[in-house]
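Two complexes come next, and they have one chain in common, subunit A, joined by subunit B in the first and subunit C in the second.
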Partner chain A sequence: MNRLSFRKLALGVLTLVLFILGWKLVTDARLISPIFFPGPERTYAALVKGLSGGPLLAQTVETVERMLYGWLLASAVGVLLGALIGISRRARAFIAPTLELLRPLPASAMIPVAIAFLGFSDQMVLVVIAFGALWPMLLATIHGFAAMEPRLYEVSAVLGLSRFQVIWKLALPSAMPMILASLRLGLTISLVLAVVGEMLASRAGLGQSILAASRSFRSADLFAGIVILGAIGLCGSRLLSMAERRLLRWQAVHR
Partner chain B sequence: MRVARFMHTCWRAALLPVGLILAAQVAATATQLESDTLASPADIARALAAILTDGSLARATLDTLKAAAAGCALGVGLGSFIGILLGLFRIADDLLDLTIELLRPVPVVALIPVTMMLLGFGAQMEIVIITIGMLWPSVVLARAAVKEVEPRLMEVSRVMQLGFAARLVKIVLPAILPQLFMSLKLAAGYALVVAVTVEITANPQGLGYGIMMAQQALRPAEMFAYLLWIGAVGWLLSLLLNATQRRLFPAHGRGEPR
Partner chain C sequence: MSVSRLSPSVSRPHEEQASPAVQSRIGIRDVTLSYGALQIIGGISLDIAPGETVSIIGPSGCGKTTLLRMLAGLARPTTGEIVLDGQPVSGPSRSVAIVFQDYGKALLPWRTAAGNVSLALEARGCPARERPEIIRDLLAKIGLSRHADKYPSEMSGGMQQRLQIARCLAQEPKVLLMDEPFGALDAMTRQALQDEVLALTAATGATMVFVTHDLEEAIYLGDRIVCLQPNPGRIGRIVDVRLPKPRDQLLTREDPEFLRLRRDLYDLIKDDHQ
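Moving on, here comes the complex of A and B:
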């Protein structure tokens, strides 16, 4: 087993090295003008320069902060609202169809509306992120509550549990897998919308920085920004999958 | 009896949206709304009728849908092909897995500036971004689907000494067709989202550009009309794809979570 994964790692690294070499060959041969397409070493140099004393570090922090605030806001509101709607069969019947109707609406289509109300401001970006990331969590919580084993509701009635206790002790744990999966999706959406919001509203951050870099043809800085954005996405989803595995350990027995 | 029940659920589902629209209209009439950000439902309906009749909405919808469809077809096609290869050949999977995992989390919108620089504005740049956005999810879904193909079928193909093409066409593709369609369905909804996002951010064409322009021209009724229309297009698309899936793969769609 150990040997197998070593082989996988070695082969994976080999391809990665080949990939970067191929990238270098393409740019060295000037198949694409270096103004548009920097080689790996120039990207790396821009990355190092930007992160050590350059503006890139501050912009990364800015974007990550924006993404996290929006995501946390969306998660809190989504799970809370979802719990309130999901626990009552009547509320579900009245509200869930409207939510399903709104779900396919692209979150970015709300950006102009948010701009109309809040102008080009940090609040606008935050609202857009929160709105976009809200849907997966809200719907996952509602569906998770609706899919709870009906016997458990009967048990809770027999035990005389209050509504709050039902939510906290039975419904939330049983909806947990769906909620956790949606948290990961929500984080991805948050990152995308943070970048789009920064580009449109010119708020400080990586989105604005890569757009500015492309407009002044600083392609190395542009690629450095893209590399960092990829790293943010990778770290975010890795951390959340780790949390997911830890929190769902109790489920492994049933599966 | 059944009709009565249906009416019952319908009534309850429709109460909230209809109530909200009526309340908005009453509020707008009562306050004699004059605003750069809000519009009454009646004004929005009028604006929608106006852009529907002058053809600008149809043109924008066509632009967006064309880009989304092209990007979706290219991305899902290419991605599924790579995914099938990775699923069939362990060595390919071992070789490419790390690189794919590193490239996958790059948000597609980060590619907007690059493609803008390389290709300029227009349908081409939008299609490239959508294609890349659809590529990774399709790779992952197709690979998982191939790995779940009944191993006996693969043994049969080995015993019959089928060539690669024959194995692909006769064994693998039929076995993973339902999953491929599901991957296409997910991608279609996502492609529309990416298309609108690219248009709002950069590309001067399509529905996203239309809604952005309506906002910048301070025509809130038109902006909300566009929003409504974009929502309706997304909703119709998902309805259509779900119906197709139920028709083509009745056994498959049932157990899948929505």
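Moving on, here comes the complex of A and C:
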């Protein structure tokens, strides 16, 4: 590890420590009733209890699975569909405006529609996650394809690359920086929708457990769930950043 | 022009003519090109024989790149036609390779030097196990052996230009179109590559159209030199180069004929610039 990244890490840890200290000060001063707002110690205790023997571990696995399946589905469909639309200039011109119109639709607005078709089921939640997380990947792929260096299309024509080769060997790698950034965004959306879906359809998972904790004023359990959700989001985004750095090694001009 | 004018020392294994009627590899027939109302190319006709090397010179903006793009099938003439082996050119094809002037944009930044050359092999369905050896040979020819694993962003302009040439050679083209390919090279590397390119075209019988701003390079490489004039781009003069082959960096450049040609061309260009 070089010095710069070590300093960055140290600063990050310091900020976290300060944040927890601040949290402790606020709760110790009893600015907010402990019934609604537990301190860091109580949250930590609930976390340990829930993860060792309690239901928290199983719920975390449920939610992570749900998030990953929805995200994978959205990524596969988004990149595939985006590639098919993006490779043809005409398809882009026809379809892109409609997509831009559909995109701002909040995914939660889709939930009643999904419930009507699939009921309160795991499939329903999966569809909602996939639908909501689809857009960044779909649009990034289309835009990435459109932004490909035109000279490379000419190179592909002169070399006689097949259409599939153009997609696989030129357009996808050239759109990769955009796609990878969208994958990270999509993962965040998947996590949010997994939690919302669990709350609304009462499927097992952290979402449901948080909701139950809040309804029965178990604020420490509620916060333990939130901490785990934060950790899931952080880990996911860190892992994808690492993959990004590896896959985009060629981009770093001066190493 | 006649094929016999070419030196017999040039071997051309690829050259089996489909029919006796086909005399030229490339035929440019009354070609014009306009962008809207603006005419860029104003009526060019030229026949290029198989195995011949034609140098093209002319002031900046006279349409050299545009002409090459039409030969590669990347741009359509507004009127007239381009013919390859008797067949009208309707689009790009693997048998016509082009080295683009803007070398930086023509390479795949996410592939190493070896990977970029490999693309041409993948395109023509060369089996994976045969590729490494071909790539090694080609990179050696253009002096990039030690840089096979570098990404274009880690290479100098001249290295990128050479890499693009290697990829074109991997295409095994019948026609090689070069748009100022040695512009970013130092004098020594440039001369080495001139000889390499001449040896390659001689060995494969490839036909070459070579755009350059360097008069000596045009003479050294060419069997003929086409001087373009601007506004709109058209042929000002065609100069035959009667220098013995194979060319030699020292002997050829000292040949009285070489010096005479250089003087002629220099006067010609100077007139164009006034």
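The rule is simple: the second predicted complex is superposed on the first by the 230 of 255 C-alpha atoms of A that agree within 3 Å, B and C clash if a C-alpha of one lies under 4 Å from a C-alpha of the other, contacts with A are read in each partner's own complex, and residues count from 1 in each chain.
Everything that follows uses one rule, which is that a contact is a pair of C-beta atoms (placed from the backbone, for glycine too) under 8 Å apart; a residue touches a chain by one contact, two chains touch by 3 or more.
Please read all numbers here as calculations on a predicted model, not as lab measurements.
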Figure out whether A:Val158 sits in contact with subunit B (first) or subunit C (second), or with both, or with neither. second
In the superposed arrangement, which partner chain does A:Ser241 touch: subunit B (first), subunit C (second), both, or neither? neither
Check the residue A:Pro97 against both partner chains and state whether it touches subunit B (first), subunit C (second), both, or neither. first
One more residue to check, A:Ser202. First (subunit B), second (subunit C), both or neither? neither
In this superposition, the partner of subunit A with more touched residues, subunit B or subunit C, is B
Once the shared chain is lined up, is A:Leu170 touching subunit B (first), subunit C (second), both, or neither of them? second
Touch check for A:Phe117: first (subunit B), second (subunit C), both, or neither? first
Once the structures are superposed on A, label A:Ser88 by its partner contacts, choosing first (subunit B), second (subunit C), both or neither. neither
Using the superposition on chain A described above, determine whether A:Leu14 touches subunit B (first), subunit C (second), both, or neither. first
Is A:Glu149 contacted by the first partner subunit B, the second partner subunit C, both or neither? second
Just which bits of subunit A does subunit B share with subunit C as contact spots? none
Please give the residue numbers of subunit A that touch subunit B in the complex, ascending. 7-9, 11-16, 19, 32, 36-37, 93-95, 97-98, 101-102, 104-113, 115-117, 143, 178, 188, 191-192, 195-196, 199-200, 206-207, 210-211, 213-215, 217, 219, 222-223, 225-226, 229-234, 236-237
Which residues of subunit C touch subunit A in the complex? 72-74, 91-94, 96-98, 100, 102, 105-106, 108-111, 119-120, 122-124, 151, 153, 171
Subunit A partner, complex, touching residues on subunit B are 9, 12-17, 36-37, 91, 94-99, 101-103, 105-114, 116-118, 189, 192-193, 196-197, 200-202, 207-208, 211-212, 214-215, 220, 223-224, 226-227, 230-231, 234-235, 237-238, 257-258
In the complex of these two chains, what residues of subunit A are touching subunit C? 149, 151-152, 154-161, 165, 169-170, 173-174, 176, 248-253
